[in-house]
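Next, two complexes with subunit A in common: one pairs it with subunit B, the other with subunit C.
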Partner chain A sequence: MQRTVRDALIAVAVVFGVGSLAMLLAHVSPINGFGALLDGALGNPSEVAETLLQTTALLFPALGVALAFRAGLFNIGAEGQIVLGGMTAGILGVALPLPGLLLIPIVLLAGAAAGGLWGGLAGFLKARFGANEVIATLMLNTIALLLATYLIGGPFKQPGAGAAETPPLPAAAWLPVIIPNTRLSISFILALALAATLWYVFRRTVFGYELRAAGDAPEAARRAGIDLGRTAFTALALSGAIAGLGGATIVMGVLHRFNTGLSPGYGFIAIAVALVGNLEPLFIIFAAFGFGILQSGAIAMQAEANVPRDVVTLVEGLVIIALAGRRFIVERRTA
Partner chain B sequence: MVRGLRPVYAALILAGSAVLLAACSHAKSIADGGPARLGMVTDVGGLGDRSFNDSAYRGLLAAKDNLHADVAVLQSKSASDYQPNLTVLANKEYDLIFAIGFLMAKDVNEVATRYPARHFAIIDAVVDQPNVASVTFKEEDGSFLAGAAAAMASKTHQVAFLGGVDIPLLRKFEAGFAAGAREIDPTIKVAVKYTGSFDDAAAGKELSGVLFDQGADVVFVAAGKAGIGAIDQVKTRPGDYVIGVDSDQDALAPGKVLTSMIKRVDVGVFRLAQETVAQKLPSGHLVLGLKEDGVGLTAFQYTKNVMTPDRIATIKRLRAMIIAGTIKPPSTREELAQFKPVPLGR
Partner chain C sequence: MQALDLVVTAFAICTPLIYAVIGETIAQRAGVINLGIEGQMLMGAFAGYAAAFAFGNPWLGFLVGGVAGFGMSALFATMALWAGVNQITSGLAIFLLGSGLSAFYGRPFVGSNAPTFPDLGLVKEFNATNIVAILLLAAIVYIFYRTPLGIIVKAVGASADSTFLAGFSPKKIRYAAVLTGGFLSGLGGAALSLGYANSWTEGMTHGMGWIAVALVVVAAWEPLYVLPAVLIYGIASMVALIMQTRGIPISPYLLQTIPYIVALAVMAFFASSKQNAVPRELKKVFAELDF
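Here is the complex of A and B:
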């Protein structure tokens, strides 16, 4: 608990400190800059809805990253898993002739399966050959993006389209909107439910215990009869499935078609979100909301205060470095 | 350690609250009766494309300088940025929100439905909503003149069109160009190729090379950044020319770019800005052709050796005939098949 508060405060310090510095360099008063950001993210109900939309997009991959992290595994591949989950949803949502009640769950599950396959691949390489999952998941990102670019620009290209994207999804495959006249769909509720489920799994199930044992004390876990290879595979596959599910909800709830630009780096920001939330699903919800504010307020900040929105990308990156670095140092010391 | 840092955290929380308070007062600063607020969302080409988006931005800057409007530009890194960008400008109650490019048509349609009280403008596409103004150009008119100039400059009686993506918008360029060439030389060969994208300079270079090798000596390139590749290609080919598109590209290879078919997106943006400032919020469909200076050719600054005063006079006569309605350049392949050269007269 105390550690969570401390990590959150470090993140806030980095955001406001470095953000202010960058704004001063751009000759903008940080009060105006952050003012425009917060006003743009929370100024009226429809802006809050956009912020919750960003929160949702970050929450899925952050939960996935946290699951792998609990088992001591760094999943840097959420970005690629989002892309493949989204692509699968984009293709199947158009191809399957089913009514909405069946179509939506099936397409969501297919998106999760695609992400799970991709995460599982890294897990298999780890379990079978001892390949470092950081490198494997990182490189699989590039492969996923190029695979999607090829499939969408080639075999599944929409005839006559000016951009590489799938045809629009039929309305039956759209996730229902929960606040009228906004883009916020039931994916938000789905993400919250998933966070609650994972909280239960981590706290109360054998699997949750195995994850933590494998992560915190692998040697002891192995001696206690936990199959470390199997745990690594399962953790990375589930982690990928959650990120892939997130990708599917972006396609079905927000874009209503797939293109390779569906994620502006959610998979990477998710690492910061998971760390700020100290790998606790319920705290991660609040962390995702915080980063959601940054994501959605950045656009208004650029329009209203003339601060390039890359300032937000910058501080998000630094939060990852600050928290991941700290965690790394602490673990080195205690190991 | 934790205890020692407590004052720092307290200071941070105070600073955060100060910003929050500033945010609340900030929200009320949009006073009625202030300057017009104009927002613009670029497509993925972005600012610095030396073509379409840059031209729109010139129009917006002209509105800032001459009409004293407040302007904001949001660039789109990918297609999924279109809706968030448009939505933010709608939430921030901009008076008119420009969407630059047909790629945004679906998104403008959705956002305009969600924000019926806000006004939008889209370039190069028609969105049928009461609060959306659509601006399109008679590309076939300008391309007709480009085709005529190409046929005049050609020694091999072969010219070519290299487009970006084979869609109706680009076929307006293609059909107008082919008809213009036939107007000057009824038996001329017009080859047609498409690169398949608007951002592949390498494909532009390669395919323009193929067209030159097949005997064409003037290639009209309407393919965004791919045009830069074609201009690279023609630099090494004496006697051959390319024709540029959208912005004035003549100076990119002086003497090798015969002319550029310019599309004055800035003119369209500025006109809608004027209407907004005059509190006549634009809607409906604005079509810009030769008469409105929405399209046209550059002045052959570097190519006067081939484009003699006689030939330039003919181009001017064709322009007048199109404006008068004597010549109707085709805008589709079907219309092109029906097209018959009109006697020029003296």
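Here is the complex of A and C:
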């Protein structure tokens, strides 16, 4: 708890410290720059809704990444899992002639299944051959993007589809909006519920315990009878399913169609979010909100304060560096 | 198109990759995985172009591109080797940092006219960056297989402890390997902006840094196989383009997945076979993910 609060403070300090420095170098007053960023992210209800939308888009993959991390596995393939989850939702949402009450859960689940398949593939390679999941998920990212581009432009091309996108979803497949006149849909609530569920799973269930044992002390876990291969497979498949579900919610709640650019790197930023949240689902919610502010305020900052929005990517990289570095400092001191 | 033409063009297109792949191969053979290549290449492409613009000389720009990659990898080395931060996390941080920095400071140079490397007129589209790539690759392959230095780098990747007992400093060698790799990936980025594209645009590497990671695996961590691996990748993408223009219905996207699928297969094969190409120290990195 203490550690998490300290980490959050470090992250906030890096964001403001480095962000201010970058703005000064670009001859912009940090007060104006951050003012524009915060105003653009939280200035009025519809902007708050957009920020929560970004929060949701980051929260799903971050929870997936955290689940894999718990088992000692590095899933850097969330990006590809988001793409495939979104693509599946984009195709099925148009193709299935069902009423909304049935259509929405089925399409969401299909998106999760697609992401799960992709994560599970890395898990299978790990469990069956011992192939490292870092490189495998990295390869699968690019394969997913190429595959999606091929599928929606080829075998699954539907009438009315543009280049690199599917036709618009029928309104029956749209996720219900929870704040009128905004794009904020039930996906936000779904993400929060998922975080709560994972909190429970990590803390109170045998499966959560097995994940942790496999991650923290694989040798002891193996001797205690935990099947490490199966745990790795399950963890990566679930991790992918959560990211895939996130991709489906972007398609069904925000874009209302799939296009191959649906994720501006959510899968990678999610790693930072999971780390800032110390792999604790409830803290990850706040971390995702923090990064959500950065993401949604960046464009306003560029438009109003003339600060290139790339400063946000830069700062996100430095947050990882700072948080990774503080472990070292703390360990040195206590060693 | 003639077969020779195809190979030469593929080589010209893939020259930036050659720098990056050989650089990452060196680092990984020393037991360090640096996933920040994409960020390093972007910094090399941007800094190289900006310096060429400022100094009015593409060679100086090329060198500055290498130095930019070197600087980014020094930051990586500080995190991963000095502070002992998990290598994967460190690499991803360098990726984000390099993308952000290059886009942030690169804005004024989008659409500007820096002096770039002219075509030499030997074979089509050949310029100095292509020649330097061949020379560097040949030198590195020679050093790697024929000199004590190469043997030591390989030894560090196979077993740091034994190398230490033999009287060498694994840490110093790893620093050297990572920094060399960073310099090379920076050169690769500069070869892209100054040699191939003749311009700078943000995010212009379009994932080349990740392709480089795949090709290190495809080349089975052997510098000798770097050129064939990169060329096969380049030829496959060329063939895809040609087929598309001739209306042959094979998806270029599907063809482009081939190197990644090969990389997965190579990983699976080496991970399960007794004859293992994965540097042993690299496996240790993967095994201890206490980030």
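Just so it is clear, the second predicted complex is superposed on the first by the 313 of 335 C-alpha atoms of A that agree within 3 Å, B and C clash if a C-alpha of one lies under 4 Å from a C-alpha of the other, contacts with A are read in each partner's own complex, and residues count from 1 in each chain.
Methods note: a contact is a pair of C-beta atoms (placed from the backbone, for glycine too) under 8 Å apart; a residue touches a chain by one contact, two chains touch by 3 or more.
No experiment lies behind these values; they were computed from the predicted model shown.
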Exercise. Evaluate whether subunit B and subunit C can sit on subunit A together after superposition, giving fit or clash.
Key: fit
Exercise. Quick one: classify A:203 as touching subunit B (first), subunit C (second), both or neither.
Key: neither
Self-check item: For subunit A as apex, the angle formed with subunit B and subunit C - C-alpha centres, to the nearest 10 degrees
Solution: 70
Quiz item: With the two structures laid over each other on chain A, which partner does A:32 touch: subunit B (first), subunit C (second), both, or neither?
Solution: first
Exercise. Check the residue A:315 against both partner chains and state whether it touches subunit B (first), subunit C (second), both, or neither.
Key: second
Quiz item: If you stack the two complexes on chain A, which partner ends up touching A:259: first (subunit B), second (subunit C), both, or neither?
Solution: first
Exercise. Give one of first, second, both or neither to describe whether A:142 is in contact with subunit B, with subunit C, with both, or with none.
Key: second
Practice problem: Give one of first, second, both or neither to describe whether A:46 is in contact with subunit B, with subunit C, with both, or with none. | Solution: first
Exercise. Go through the superposed model and pick first if A:131 touches only subunit B, second if only subunit C, both, or neither.
Key: second
Practice problem: Would you give the minimum C-alpha distance from subunit B to subunit C, in Å, for the three-chain superposition? | Solution: 6
Quiz prompt | Intersection of subunit A interface sets (partners subunit B, subunit C) | solution = none
Quiz item: Where on subunit A does subunit B make contact in their complex?
Solution: 2, 6, 9, 12-13, 16, 30-32, 34-40, 42-44, 46-47, 50, 160-163, 165, 168, 181-183, 250, 254-255, 259-264, 296, 299-300, 302-304, 306
Quiz prompt | Residue ranges of subunit A touching subunit C (in the complex, touch as defined) | solution = 22, 26, 69, 72-74, 76, 125, 128-132, 134-136, 138-143, 146-147, 149-150, 153-154, 215, 268-269, 271-272, 275, 308, 310-318, 320-321, 324-325, 327-328
Quiz prompt | Of all residues in subunit C, those that touch subunit A in their complex | solution = 33, 35, 39, 75, 79, 83-86, 88-90, 92-101, 103-104, 107, 202, 207, 210-211, 213-214, 217, 251, 253-254, 256-257, 260-261, 263-264, 267-269, 271-272, 278, 283, 286, 289, 291
Quiz item: Contact residues on subunit B for subunit A in the complex?
Solution: 2, 8-9, 12, 15-16, 18-20, 22-27, 39, 44, 72, 74, 77-81, 83-85, 87-89, 91-92, 102-103, 106, 114, 165-167, 198
